[in-house]
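By letter and in written order, the chains are A, B, C and D; residue numbering begins at 1 in each of them.
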Amino acid sequence: MHVLYFAWMRERVGYATEEIDPGAARTARELVETLKTRSEGHAAAFEDLRAVRCAVDEEMGDLDMPIAGAREVAFFPPVTGG
Amino acid sequence: MHVLYFAWMRERVGYATEEIDPGAARTARELVETLKTRSEGHAAAFEDLRAVRCAVDEEMGDLDMPIAGAREVAFFPPVTGG
Amino acid sequence: MDGAAALPKVSVQREDFDLGAEQARLAGTSRDIGAIVSFTGLVREITGQGAIESMELEHWPGRTEKALAEIVAEAEARWPLNGVRAIHRYGRLAPGDRIVLVLTASRHRQAAFDAAAFLMDYLKIQAPFWKKETGPEGGRWVDARDADETAAARWRTASEG
Amino acid sequence: MDGAAALPKVSVQREDFDLGAEQARLAGTSRDIGAIVSFTGLVREITGQGAIESMELEHWPGRTEKALAEIVAEAEARWPLNGVRAIHRYGRLAPGDRIVLVLTASRHRQAAFDAAAFLMDYLKIQAPFWKKETGPEGGRWVDARDADETAAARWRTASEG
């Protein structure tokens, strides 16, 4: 599964994308639990989940979105464009 | 007293400005009664007073505005700019 | 503001205007503007009386400029604006021609949007302009729209009610 | 519309844009547009963290264009628009630089104003852009504002409540 990080989450993780095996994770939130253990950077990126948004196969949603069969999950802080 | 007409009121009266003696007229409405008698064009211009706006010395208001001491009274239909 | 205070806020003119140039002039070298809203009004070909060939805009020279300046001053009193500009044309115009331009600059977008909408709503009912359309059946003075009174009234409710 | 249908409605680009040229392109040779509203967003120098030197706008290539296209389609479904255009820049910007342009054309002014405000409100909360400001104390990611959620919510109330 392809995982994307943006903005300060990307900076904390240390890179923008990675390939991971989601294992038994059924939702984005469960995937986060796996990702947090990968490095201190990952743990820092996911330190406050209230500040984390996600998209599964480019569909924006919350952390309880199912990820079964997804090719890509993206994590990012609330957007600040415009 | 200087009287101004705009838009279709000007067209009906036949000219844009005239000098008149307001006589005993105390308000714009009383002045209208005098003006209506000046020509058929004037009568046509003031035929429906609901469609007439006025300004006394450039101050917009309704036909009951006092005109005592005024140098100029303007009559016009509702504005349609923008 | 590099002399921005010397720029006219209001113009009543026969000539066309250049949106890009006007906005660049309004922004000047400011680093404090976060939002600029522009409104451009254009002559539509199909109106209440069918396809028109042209439009003649009459106005009250002197009083028109004063009316626009009053509306601009009211907008500046209501919203924190870094800049404001109103241009209204008069004379003969054809379908597709620009009639009016309103520009508002502020730190934040809501003030710029609201001030521009306010300016247009008030200009519609307070600036002494009268439109005469010429179509296949001759000339016809445009009627004032009740909707314009309603649009302007919402600003009174918002501030006084 | 002389090929107007072929004009892109959405652009995400590093380059600056030209308001006058974009508006002229949107209007084309139409004789049915009565109102065009533009919104230009600019980089302000003084922000929550003092005077900034520059700003870096990160985005999600591909997904950003899709987000803007969805917001544009929603505006077209809600208001009778003759044309709409959204341009958002990314990359490094300095105070005073343009960030975003939204243009809406309609027969009447209220639709053009509302659609432009809607586009900006939704873009603020739905388009995947992230701002990082660089000031005297280094870089800092800009926090999302609760006010932006509130601004967008008014359109949900208006259409669904």
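Definition applied: contacts are C-beta pairs under 8 Å (C-beta built on N, C-alpha and C of every residue); 3 or more make two chains touch, one makes a residue touch a chain.
Everything numeric in this text was worked out from a predicted model, so none of it was measured.
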item: Far-end chain from chain D, centres as C-alpha averages; value: B
item: Chain centre separation (chain C, chain D; CA means) in Å; value: 23
item: Intercentroid distance (Cα basis), chain D paired with chain B, Å; value: 48
item: Between chain B and chain A, distance of the C-alpha-averaged centres to the nearest whole Å; value: 73
item: Whole-Å gap separating chain B and chain C, where each centre is the average of the chain's CA atoms; value: 27
item: Sites on chain A at which at least two other chains make contact; value: 82
item: Sequence positions of chain C contacting 2 or more other chains; value: 41, 109, 120
item: Listing of all chain pairs that touch each other, if any do; value: A-D, B-C, C-D
item: Touching residues on chain A, where the partner in the complex is chain D; value: 4, 6-8, 10, 55, 58, 60, 74, 76-82
item: Footprint of chain B on chain C - complex, ascending; value: 41, 57-60, 62-63, 66, 88, 99-100, 120, 123-132, 141-144, 148
item: Contact footprint of chain C on chain D as seen in their complex; value: 18-21, 23, 27, 29-42, 44-46, 95-96, 107, 109-110, 112-113, 116-117, 120, 151
